[in-house]
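Chain nomenclature is as follows: A, B, C and D, assigned in order of appearance, with residue numbering initiated at 1 for each chain independently.
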Amino acid sequence: MIRVGINGYGTIGKRVADAVRAQPDMEVVGVAKTRPNFEAQSAVEKGFDLYAAIEDRKPQFGEAGIELAGDVEELVEASDIVVDACPSGIGADNAEMYREYDTPALLQGGEDSDVVGASFNARSNYDAVEGVDLVRVVSCNTTGLSRLIAPLQEAYGIEKVRATLVRRGGDPTQSDRGPINDILPDPVGLPSHHGPDVNTIYPDLDIDTLGLKVPATLMHMHSVNVSLESEPTAEKVRTLLEGERRMFVIPEWLGVDGSGAIKELAQDADRPRADIWENCIWGESISMEGNDLYLFQAIHQESDVVPENVDAIRAVLGEADQEESITTTDEAMGLDVPLTQMR
Amino acid sequence: MIRVGINGYGTIGKRVADAVRAQPDMEVVGVAKTRPNFEAQSAVEKGFDLYAAIEDRKPQFGEAGIELAGDVEELVEASDIVVDACPSGIGADNAEMYREYDTPALLQGGEDSDVVGASFNARSNYDAVEGVDLVRVVSCNTTGLSRLIAPLQEAYGIEKVRATLVRRGGDPTQSDRGPINDILPDPVGLPSHHGPDVNTIYPDLDIDTLGLKVPATLMHMHSVNVSLESEPTAEKVRTLLEGERRMFVIPEWLGVDGSGAIKELAQDADRPRADIWENCIWGESISMEGNDLYLFQAIHQESDVVPENVDAIRAVLGEADQEESITTTDEAMGLDVPLTQMR
Amino acid sequence: MIRVGINGYGTIGKRVADAVRAQPDMEVVGVAKTRPNFEAQSAVEKGFDLYAAIEDRKPQFGEAGIELAGDVEELVEASDIVVDACPSGIGADNAEMYREYDTPALLQGGEDSDVVGASFNARSNYDAVEGVDLVRVVSCNTTGLSRLIAPLQEAYGIEKVRATLVRRGGDPTQSDRGPINDILPDPVGLPSHHGPDVNTIYPDLDIDTLGLKVPATLMHMHSVNVSLESEPTAEKVRTLLEGERRMFVIPEWLGVDGSGAIKELAQDADRPRADIWENCIWGESISMEGNDLYLFQAIHQESDVVPENVDAIRAVLGEADQEESITTTDEAMGLDVPLTQMR
Amino acid sequence: MIRVGINGYGTIGKRVADAVRAQPDMEVVGVAKTRPNFEAQSAVEKGFDLYAAIEDRKPQFGEAGIELAGDVEELVEASDIVVDACPSGIGADNAEMYREYDTPALLQGGEDSDVVGASFNARSNYDAVEGVDLVRVVSCNTTGLSRLIAPLQEAYGIEKVRATLVRRGGDPTQSDRGPINDILPDPVGLPSHHGPDVNTIYPDLDIDTLGLKVPATLMHMHSVNVSLESEPTAEKVRTLLEGERRMFVIPEWLGVDGSGAIKELAQDADRPRADIWENCIWGESISMEGNDLYLFQAIHQESDVVPENVDAIRAVLGEADQEESITTTDEAMGLDVPLTQMR
């Protein structure tokens, strides 16, 4: 059993903890939190051992009646690998601690790729991170793009990718984020940083991205153009993508018009937290004009990186090859069951 | 076993079907649908027998590869009781069919109370509907208000209720509904129809309501004033409400600031569809000024009537008393477990 | 001519500057800004002398090619009165400077009423502030409530006011404010601070308020209940309110359903910045149940205090009586022309 | 003086009426309305003669106390040209009437280009419509794209255009339109119809477009890629666009982050209805990657076609050449004054 520590128990951390626990070859050593808040108690109730991320605040846990298993250093020491799901920037600060205990660690996509040399996407570069100490599981948007690029690159070759990322303004609980009634270029300067981030996975890919922010909370939406090196029919491309794992090509008859409907599918399918781990591509949108492929895909910012973190654990430790890991992860999570079926 | 038919399998129908199936003393005979769409297939996959609601469209099911168990009349005939979860107005049209087969039926709150004589709320008037052929389970908002009124009426007496219902513009999947950036008096004429609807449960209650519609999808919000006949402390009222079933008094330490955070709790607690069946009352908001009680409560429009429908089945058929039914319903659904705990 | 200085040139300041300039008995000495940004340049272009609010930043104006008339102290010294439209909290900090130069000043409603003893609403307590050094023009919401309370109090007597303020999350340009998809109790604790703020104008009034925040930007919406000391018909109340200045009773035939439609009226009427200076009350909503009056009113957070600031200038300096001032202000601004007519 | 009739007095019609009246060489014969509603009265108040668009409803105007100058046929007969601003689809139905009276007519972009042969954009094909009976002034989005394409085509040659149109869900007054919290592919099928619509202006242009709909009301946003036939620097492109009329290249120092801020500029500049007639391009966004140009532009759906309609009048009647007409139109409307300056 791979002993996994989770440092940070928020939007990503709590999902990774559940996903890791579901794996046949992994166990959760514990989770680290900075404060004894609701999520801390929720972790305890779920039976996860709780570690204090900040020594000074340990007494606060006691006052709140929450028993601690130790402090974060002990968690790191006791783990074969740590998934760091702390807020952006903190992960990089933690790197030294992970090195000190000689524990490999996965950081999240919000960390700077200049600080963390290796980036990871299960479909794209599984084999590249074996034995690497510090690996960045790329962001939700970059994960979504990489999963799409991989099969297209292999099957047809890619001349250039141009994508407009219409991003949700905030998550459903982030009530202090806007905009309320606006469409914001974000960043205004072009191309956006998302393209270079994809280049940490595909260094030689020619890709330009543009980012916008809109008043929606459920999922990001990608308006994608890929100039291919050959000219397959749209049907062929669709069949290719339908054959991919972690990709749900939305059939026309479902009548799915947006992310609200996708979330409803996930709720009806009894997915945990109604999570949508896969890229959701509108089948009808897949089209070819000359060698230009166009399509729309929706990306669930809260969860699409979760299976990627699970795979990265095995990839870094060399515990399974790509095919084996993805299959195991997906079956354990229920990601092998299409979004239209009960899990 | 009580044999329950479900006519209509949309937002409410699919939830009621699951809740009925979970009851130890009930079974789902089948569900009726008008068209062989996604939800029809979803019903089949869940193992519910499917009946055609419209005879003319039966061939369409065959074409879609969906096997039918019969038509809706057969479902009605085979059922001890039918839950009608058809769109507003259709339920009343169906009443004749239910009478013809001598099958009692529950209609939903969108039906006109002039057409359906008896209205139902489990906490308020469970005993009033035994043996009644046609019973209306009141709407989400009226259910929410009735649950609140019941204990206050009993404990302190009510002089008058004044409530502003700030309603969500549409459900998460209703992408064609607005407003996008407005606050709409709806209805403009005052008092709104919600007060009279509460009067179908509490005929002698003095209640005035005002309705608004805003750009939100998750839950309704009630701004409530109750002029009591006595002057309890706010603490006493809070304790009273904390002791009520189907009522979640949100503790301050949770840091819940709105419906996004409530939905997150339901997701984390692994509630089916992240449903929030109970009134969610901000504990901190409960306050007394003289004999005037004020509080905020959030109401999940998609699900708070679901346990009420289940209770109404037993109430109409005389199969259990109030206490027994509510306890059974809640335990079977997991509604006895607080929203902060894993189901 | 009354010489008026404006300290702060943002949402409120720029509107007050235009309104003051339009008055026959006033002139704008100048406006003070902290930074040489767009609004500073806009002030220059409009021909307002510009003063530096922060000495250290004076060179920045020169670098930006913006000529300064002096620093804020000189503006204060040269003015008969200053309208302070700085961000909340800064106004109170400035009070000492105003006292030093013996210049009376108007602060805005965001300032703490504990710090500024006197509060002002033209309709309600015009005569109370003559000769007072520091006067607070109450906030947009309190202004809207005070204007409504005044005639009701006079005509019928008020037993109690209960109001739910459904507030816009942010102004149209405040793209960093939320919520995006939520209805937030704000503040959660009840009653809200808005009631006590009305009490700075009507000390003996019994009033309880509740506040919410929603994803809209155009106007606040008040859901108002006033328990009167007598029982006029709704028609009488409507006629009373229709006879009030700075109050627009929306006629049914206009088909106005929300703040978007009100803003459109203001645009069509060629109002500057499409401002809506008056309370907008839905005529159809005005209703009586026993002695309980109910109605909906929309309040334009960016502009309803502007005419109040103008009147407060005359009130403090004793330059006109209430009737004279309100008439002059309204005619000069075009506020005497109904929202349905071209200015 | 060119005698112009306006058939339809809604969002576009009322703006065109004002713009036509402001021209030195035009007069408004009258405006036609179907019903005696608010806008009809507003037209009367502005001094426009009112004509009944539907004969049967003429008595309704009398009942509403609105005097009619005649019926729409008389308006058509008395006009040298008619601007038809009726809802989509009605314009095409009216075509026969215009032909009958031998009056040339301008239809709006919502009409089918198959029905109306000639399409118009002042910057792109002014000379193409002289003497044509029925001319379609292309839609807001197509106008925005055409204005951008024209100078790029002339200066650098265009290989291909790819644009994602992130469209506002509804106008500020359209409170019944959604979505509330979603990002909708619209249309789902790609490429969208917007590209072919641009081809009615630029028949040989290679252009693919994608459409989305989001919860915003103020402006559309275009995420544009133009593969040029040469490789100018971004600075050169920016200078080129800054030199274009009806194009506002937003300078960085303005701090404009979205359409809310643009609308504020228009309000501060005292534009009628705070209209933004020009394409608003973020200067900072203009960038070149190889021969790929990228930029963001915001388009005001309610008004950018207004000056185009004015020019189309002269173009069809042969009353002025392109340069003369655009100059006259812009000066009369105040469109020659940048958005950052007082009109």
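Just a few scattered comments:
We adopt the following convention: a contact is a pair of C-beta atoms (placed from the backbone, for glycine too) under 8 Å apart; a residue touches a chain by one contact, two chains touch by 3 or more.
Nothing here was measured: the structure is a model prediction, and the numbers come from that model.
Relative to subunit C, the most remote chain by averaged C-alpha coordinates is A. By count of C-beta pairs in contact, C-D exceeds the other of the chain pairs C-D and A-C. For this pair, subunit C with subunit D, the centres built from the Cα atoms lie 36 Å apart. One simple way to say how far apart two chains are is to compare their mean CA positions; for subunit A and subunit C this gives 48 Å. Those residues of subunit B in touch with two or more other chains are numbered 172, 174-175, 179-182, 184, 215-218, 257-258, 260. Against subunit C, the residues of subunit D that register as touching in their complex are 14, 37-38, 41-42, 45-46, 171-175, 180-181, 217-218, 253-255, 257-258, 260-261, 263-264, 267-268, 270, 272-274, 340-342.
Against subunit B, in their complex, subunit C makes its touches with residues 160, 162, 164, 166, 168, 179, 181-185, 188-191, 208, 210, 212, 214-221, 223, 225, 257-260, 282, 284-287, 289, 292, 294-296, 298. Of all the residues in subunit D, the ones that touch subunit B in their complex are 168-170, 172, 174-182, 184, 215-217.
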